[in-house]
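Labels A, B, C, D, E and F are assigned to the chains in the order they are written; within every chain, residues are numbered from 1.
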Amino acid sequence: MVELEGAYYVTWCDDFYGPALAIAKTTDFKKFVKINHPFLPFNRNGVLFPRKIEGKYVMLSRPSDSGHTAFGDIFLSRSPDLHYWGDCAHVMERGWEWWNLTKIGAGCNPIETSEGWLLLFHGVTNTCNGFVYSFAGALLDLKDPSKVLFRSTDYFLTPEESYEVSGFVPNVCFPTSALVDQATGRMAIYYGAADTYTALCFSKVDILVDYIKKHSR
Amino acid sequence: MVELEGAYYVTWCDDFYGPALAIAKTTDFKKFVKINHPFLPFNRNGVLFPRKIEGKYVMLSRPSDSGHTAFGDIFLSRSPDLHYWGDCAHVMERGWEWWNLTKIGAGCNPIETSEGWLLLFHGVTNTCNGFVYSFAGALLDLKDPSKVLFRSTDYFLTPEESYEVSGFVPNVCFPTSALVDQATGRMAIYYGAADTYTALCFSKVDILVDYIKKHSR
Amino acid sequence: MVELEGAYYVTWCDDFYGPALAIAKTTDFKKFVKINHPFLPFNRNGVLFPRKIEGKYVMLSRPSDSGHTAFGDIFLSRSPDLHYWGDCAHVMERGWEWWNLTKIGAGCNPIETSEGWLLLFHGVTNTCNGFVYSFAGALLDLKDPSKVLFRSTDYFLTPEESYEVSGFVPNVCFPTSALVDQATGRMAIYYGAADTYTALCFSKVDILVDYIKKHSR
Amino acid sequence: MVELEGAYYVTWCDDFYGPALAIAKTTDFKKFVKINHPFLPFNRNGVLFPRKIEGKYVMLSRPSDSGHTAFGDIFLSRSPDLHYWGDCAHVMERGWEWWNLTKIGAGCNPIETSEGWLLLFHGVTNTCNGFVYSFAGALLDLKDPSKVLFRSTDYFLTPEESYEVSGFVPNVCFPTSALVDQATGRMAIYYGAADTYTALCFSKVDILVDYIKKHSR
Amino acid sequence: MVELEGAYYVTWCDDFYGPALAIAKTTDFKKFVKINHPFLPFNRNGVLFPRKIEGKYVMLSRPSDSGHTAFGDIFLSRSPDLHYWGDCAHVMERGWEWWNLTKIGAGCNPIETSEGWLLLFHGVTNTCNGFVYSFAGALLDLKDPSKVLFRSTDYFLTPEESYEVSGFVPNVCFPTSALVDQATGRMAIYYGAADTYTALCFSKVDILVDYIKKHSR
Amino acid sequence: MVELEGAYYVTWCDDFYGPALAIAKTTDFKKFVKINHPFLPFNRNGVLFPRKIEGKYVMLSRPSDSGHTAFGDIFLSRSPDLHYWGDCAHVMERGWEWWNLTKIGAGCNPIETSEGWLLLFHGVTNTCNGFVYSFAGALLDLKDPSKVLFRSTDYFLTPEESYEVSGFVPNVCFPTSALVDQATGRMAIYYGAADTYTALCFSKVDILVDYIKKHSR
């Protein structure tokens, strides 16, 4: 969910002849108006930017297949009106480090910083006993967020606590939303744990930005 | 390829981090200008309508996965400018008859008739020795081509001749283009045979339209 | 295991050129006599009814493949003599709710109630990290148990406790036997937890019957 | 199809929540009465013996999965009444020779000879470009046809002619029916070629019986 | 790691166009010299014997494929110089007992006893929710260690503790090194638990030898 | 087969707990002596060089898996005695051109020329209806044949004739042996066609060497 031009927009993975992204708008959290599917199936992990960039709405997503996809990169699309989408670009491919070898996907809505858009993204590796979801961060160019300025080669969090390691889907830390206190830069990051719990961890924007820049390829 | 507002547009399956549609424009068949990818990957079998409908450009396509996809329906998208795409709709699902159980896809650009848009589409079945591609036809609503008026339950052509049954990819009849003589309604349908030969067969518009209407579900 | 005409019958999944059901009879729990395989392979989850119905023995089972089958519905067969089987019918297909999308199978032997046969059955969903087994209940017609009167759309139990979520096969609650106190209707339901523990939960027949009727499609 | 006690019985692979055998009876080839499915799915290649054996009807079949099964042996079932089936036994497993490594299945209805029941069966091997179907023969015990007396290690026919090698499903010789002239022992064997043609080949019963005995393991 | 002729040799699974074994030598644990890959890919679980046997260096390994291999036996190779390898032999195949049905692999370096080489090896079974790694032991002939004298049909350890059952890869007990106190025969066995922890268990050489001999096929 | 130091050596793919290479020696084509397997399984397409290089025997091979492998590069191994093998190196990876995207493998024994060792190799592509085998050539360094000097980006031959396109395994041209007339450089290349026929084509050494050099990346 993201606040954008005075309204709130929710994005999720809908079922439209397979997994496909959907957007809904609300101003009062009572009435939600569903906007048409922005892209054709099959697609997951859709994340809107919190403001127009160069006059266009911008959205990240991960094209996938219709099952438990074993591959996936992050792409970007632009729109003049949240209805028609185009200008798609490839943003980030799966990584070379063990924790994001299989696929990656955007997590929280990007956070604007003086150093670029701070994007938290999850990375997946494929063990003989299933997928393991960790997450890390990247900095995208403020004017053209399809350009990656820095990308952390290390994860921020990987399943280690019992509520992350055991549950409906074991070994999942999946970031979904980050709240920032503008005055202090303090962040509260919500993430799904083992597809069973909603977990919460804390950091500060400048700490994460510094970490990404120091641990970039 | 289709003539549209005085220019010629070519659509094909490009490699953009996986199979994705692409469009190019030419007026003289010497210089081709490539327009950005209309949709995110993974997608194949993109076909443009030969004129704007209700003020929008319209394109059919088949979302797929990144391999030899074993499923697939035909979708429709609209655009105000050939650049931004939206309004996507589901047009036709794979069929109940043996020859199109696995997947279907648009073939030639739709042909305008008084009875609706005549769409030639391929259908695929999956034998223990591989896919078999046949083709048939459907009639789509003139004003809203996401509505199927009639759809043939029988194929028009299935691999039987030696040049269709043997070759680089055995058992393929894949329609790609249809020329219509407006005065007489005579049609020349080009189709790929066994991914090895370009084959040609003939019919008339009114014969196909009648056949589709009589053999519709 | 079920008591039937004064003897006890055990049913299990045997290895007969692949998984196949087997039946054994005992009267003293010291000597067990194995009866031939009732059905051809591949089959699992065989459950006998505790009395003849309309003069025939009746058994539920789930046809499967020879591996970790990713599909499966419940079928019914009848026999005049526990030896020759026929009259097979389709009883219940996998469900539309997330917890039983992949396959279902009979659990405990059906319990006769005034409202129909109370059948506890397991349902399986397929996550990217493996199968999750939950269970729920249905009511089958007393005279023709191939007819489903009511079927719960909600599960009764899904893995949440640590001994259900972690173990040899994580995330399994698999009901196998239910004891009923006829005077009070109190039930003790034994179920396998994570393929590691034998767990036990309690309810009452009328509570489950009411729940199924209220939460049926 | 087989003549049995003055009537004709047709067996085929029906669609009953997956592939399952079915039987129909006719006396005049105008009216066909369908008898219930003899076995649970998933099963193919059902073949009836032309007379009761030791007072029971006998049928061969091949348990399979719901797709293009990559394994399969021949089983036998008995019935007192063509309605209830039991006494199932394993008859023949897939072979050690290249042409029947993947699976085997009964072909024509068994032919009674002084040396045993002559069974023509197909054998399948799995190349990197699909399945290849050949066929050979075996002799089963007259009183207990679940006992294999002799089984040919060599095929009788393997796809070599153009109408066997190319077609809807390339490389298939699939025997379906054998007519025998009792006076002379001459046989006409009908077989499907490439799932496209009905082909016909000739032999004599004593030639095949001798060949099987001389080329048995 | 093993001490051999006054130096220490480390063996591991390297990435050489896929998983392949590698050997490195050190005398001071500061400088490690890598010796070329002993075998072609794809191979894992390489274990050196602690002395030459019949004048040759000897190494166990498990040929595999390039993914999460679902099969695997233990082979043996010999070398005159740790550089050129040959004389390969098949030592042990996957077992008939549930815990090592899928694949096996050498664990700790073999320990010389009067009864033969004591080899600790892991065994893997494949559940619908992933692989489970247990371990057991075998005794190999002192002069020709490709001959198995005794092999335990029971496992020594299977995942049961929380740190074995939950973690990055659930349900793994993977033995990697065993220290023996020559005076008393006491053993300390290091094993990986859930690919997350290094665990330690204790036993005595004569206890394990006796157990293997008593529980051999 | 190759002549080497006055004897003839045959290499083939043996069954040694899976596909593995084997070597046999003969001097009179009556008695063949089998030498032990040079490498562990799984391996195919073994080809010996016709003389020692830098004092060592040299062999090319392609590590694979135990099925219809969908990947594969060419590796090289050296031996002092045809018994112990080591010094393995990676020679050529699968190509970027459509016809050798899936895997490659050595074909005929290398032919010594003034420009390097002329190696004919097959390349495989994967269509939705199976593999297609073509072949091309490369030049390897005379002193260190693990170094590729030139490699043709175009195939020499791809299945087009009816005996290459139809047969037991459709669409295969698989080179196995090349005879050279030293005086004139004329070559006779034997290749398997559709795994059904032995086919023969002709060229000259200098023509192929020139072609490879002109069409190298």
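Here, contacts are C-beta pairs under 8 Å (C-beta built on N, C-alpha and C of every residue); 3 or more make two chains touch, one makes a residue touch a chain.
As the structure is a prediction and not an experimental result, all values here were calculated from the model.
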Fewest hops from chain B to chain D - one hop per pair of touching chains
1
Chains adjacent to chain C and to chain F under the stated definition are D, E
Suppose chain centres are the mean of their C-alpha atoms. Which chain sits farthest from chain E?
B
Write down the chain pair with more C-beta contact pairs when A-B is set against C-E.
A-B
List the centre-to-centre spacing of chain B and chain F in whole Å, with centres computed as mean CA coordinates.
42
Inter-centroid spacing, chain D versus chain A (mean Cα positions, whole Å)
57
Mean-CA-position distance for chain F and chain E (Å):
35
Which residues does chain B have that touch at least 2 chains other than itself?
129-130, 166, 170-171
Chains grouped in pairs wherever the two touch, ordered by label:
A-B, A-C, A-E, B-D, B-F, C-D, C-E, D-F, E-F
Touching residues (chain side chain D, partner chain F) in the complex:
126-130, 132, 159, 162, 165-166, 170-171
Please name which positions on chain D make contact with chain B in the complex.
68, 129-131, 166-172, 195
Residues of chain B touching chain A in their complex?
16-18, 36-43, 61, 63, 65-66, 71, 73, 75, 77, 79-80, 83-88, 90, 93
